[in-house]
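Read the structure below first, then the notes.
The letters A, B, C and D name the chains in turn, as written, and every chain counts its residues from 1.
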């Protein structure tokens, strides 16, 4: 028997698979197609203080090995979340993580404060890839601003774990990772989508009504994997802050790659659209892999990647 | 008859297709499989002052819709380039652009100075995605340093066009684009590869001997397209500096997307490995597209993308 | 030692593709047989077109809502175009023994998306009398009106013109109109026109819309369509909008023509 | 209206795949028939395995250098393992009427990569006498020595041990050794051992190496292998290295065992 359990900054998960925010709604939608009890944790769609209609359609477009989305944070808003979704989340057979987005520090703080008292919520994941209404600059790409936001949110979330989800659209992701940790993040999620574009060559217009959108899916996996490895080795390992790896995970082999690179847990997004049972299949694949390799605890694999120039390790998984 | 010709900062190309540096050697290798006369221009593998053996193998690995490479700038060096490759390049039926890389400003300056006197060389493309030996920082990710490098090189290249090839591994590519233009770049190439990684889950080691490598191929196309559009609208259009778009171009439709986003020419790299005749096929596809759309000059399509919020255009291709 | 390489073509599709059911039959053994009818327009539908019989494919579904049948023995009027025809066939299969009529049109006879039944009586160029001349519908006892833009078969003109003429001729009576339901699926321009016709004549109309979809289950919010806001149904207004987005995949794809703002 | 989706599986291969030719015949009409023999180890080879006869595929080639035949009527000694066997068959086809012997081995008889000719005489467990017992080689008049690790057919032990015993028995004469050439292709560990054996006995040895390849034509520099530096051939040294990288795709895949540093 292998031990797939994960200790995510004190939060216990039965296995490392999670959903990516925005790809799995508020959990009820997939109930017929996914074994929710088989998830390590469930992450909701981003919630904002006010209800949002989101961008005009077309909101998605398929590209090679992935897709672009410009949903525009369409969500039910805090009030309806509390009234309509929380009762559903109370029945979830796995820990629930609420993803929170906003366009000002106040937005984030108010929404997060409401989460602090909810028994059915184990942690909050901050989506910081949104532009600030005040100056249009994204929270997640400026270390100073990210540290302040994280600290402000942590102040109102004493009872919950705080996860900060990093944007990959930065030059040095270790700088924003460090800022989040300094601000009080207890875990890091990486990565969010890459800003990208597709063009309708006949209409000569972007295929997304919004112009640009976020690239997700297997296409981004090699970049996401590198960023996880970089943050793990550059910041997170020494700080003892666990990483939730995501970006293009579709098969169990992808999950193993992220774990070896330094992720304590993995989240699956776009691949759910191809097969909602992906997390369950990844758990099965991981189990078999560990059995064959004689690895008993998944935690022994976290960051076990040997990079060129590394000191040879004493034990195979040390 | 449609007019595919391109005026690249004064350099005339018969059509917009070029090769990506490093994917087509020094031209002689592909002679049997590609109609070189059908190319708008040929771009060589990066040349450094000294001959370089490059990284240990494995140097490449296939990923979804693309590949990673960590060749390590393996090349014959300036002396052998002049002795062995220049005679071949003299026979090229299209303009030749030499890509130059280095690890210090002196490296770049010396190699470029040697290009200034070569009649068979039309332009130099600077690969600035290399770390500086002095401090390990990449030339291409620091605007100040990039401007200085560009100015130093332009000083020794009065007789040739200077193209700067931008790295995508930056937060704000318009800043490095502007720096290159300020330093004297007469055209911009974008983009180079994205730093990325793949892991052998059985050996628990990176699949590239170098650890990380550059992601290229269709996987990066949506990001590259966005970066071209951003540089075109943010800097290049107003500065009157043409863009050579690249990153995942495989079909003629991809080329049209880059042109609409603001590229005056397009370069094809990884797709050559799948089909060396790709540039020739793109020219055929472009021609048919323009005929059907009633567009006579390719230059009318450059940047003709209508973004949300744009002023409606007076003419369809204005 | 020569080395040869091969090209691996066409790995261009990633997401699933949405299709309407064109038919559904319970099998004796307990299984279900589903009919899909599709055009070939790209990677995914090309791939489907070349599948060998017996190939196992993965499907998720059925997803979304469905047409609801007319009440009080009202007439079901089916107006399908292009890839909107398959769901009309499925609908027809549920209408056996009811009053129904189907409309089908094309540029010219050769392009008719469905075959005309051999030796069916040939309608005139301004005929709007339904005939049992399309097999897929006749099989379920549903007669059809056929139009071609050039008059090469049946009514000369657009299918929406044939529909209007038909309604003019047969739906003068308020009671008939009140019980009838128009069902439409196909190109958006056609559906919009059908919806207009229905609304103007106060005939109920159910429209099956098409949107780009990623998940098909209401999670990704990609397939939105604009509807009139109904405070009772949709809760309090937000962002100052008098409309609301609904999801084509789960709230729809069938919407009431009255509600649609497109 | 139910909506169904389908999964588009397996679009996982992007680059071309390198293969050795196992045979080549000019056809009457002017065409050429090429033989490829391949394992199924992944996406690309799975795809090839399910191709219907007559499917058109795109190939680039032939690329790279080839084995050169022994001079002065020397013996050609072919040692192939796994996917290194196909090029040995091609080599055998060029050796008709010459002196040659092939070596082939496996863990156990059932795993022999090539079938044993029905009713061929059965060799003993330490037999190293070549027999016409592998069809693919016998067809070209090349006898073979077969080994299995467990002795279930032919020589008991590794193929490299059979090779050594064979050389001990038949290549005591300097003149024979000088004219003979060993050809090897297969798993790297096997080829390294074969190269060692050849070098120690001063028998010429040509090794066909395998490397990850992207372009196959010498442009991408991905397929390098380390060779001893030969100043005459390789020009002046650089980076202080006494070795040099060569390209498996164009300088090779066949290299002289003496040169290889792997």
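As a working rule, contacts are C-beta pairs under 8 Å (C-beta built on N, C-alpha and C of every residue); 3 or more make two chains touch, one makes a residue touch a chain.
Please read all numbers here as calculations on a predicted model, not as lab measurements.
Separation of chain A from chain B in touch steps, taking the shortest path, is 1. Relative to chain A, the chain whose mean Cα position lies farthest away is D.
Per-chain Cα centroids separate chain B from chain C by 48 Å.
Chain centres here are Cα means. That of chain A falls 38 Å from that of chain C.
Taking each chain's centre as the mean of its C-alpha atoms, chain C lies 59 Å from chain D. Those residues of chain A in touch with two or more other chains are numbered 63-66, 218, 274-275.
In chain C, the residues touching two or more other chains are 7, 11-16, 58, 60, 213, 216.
Those residues of chain A that touch chain C in the complex are listed here as 22-25, 29-30, 33, 45, 50-54, 57-67, 69, 71, 74, 77, 80, 217-218, 270, 272-276.
Residues 12-16, 58, 60, 211-225, 235, 238-239, 241, 244-245, 250 of chain C touch chain A in their complex. Of all residues in chain B, those touching chain A in their complex are 63-66, 68, 141, 169-171, 194-199, 201-202, 204-206, 209-212, 215, 218-223, 225-226, 229, 248, 253, 256-257, 260-261, 289, 293, 304-309, 316.
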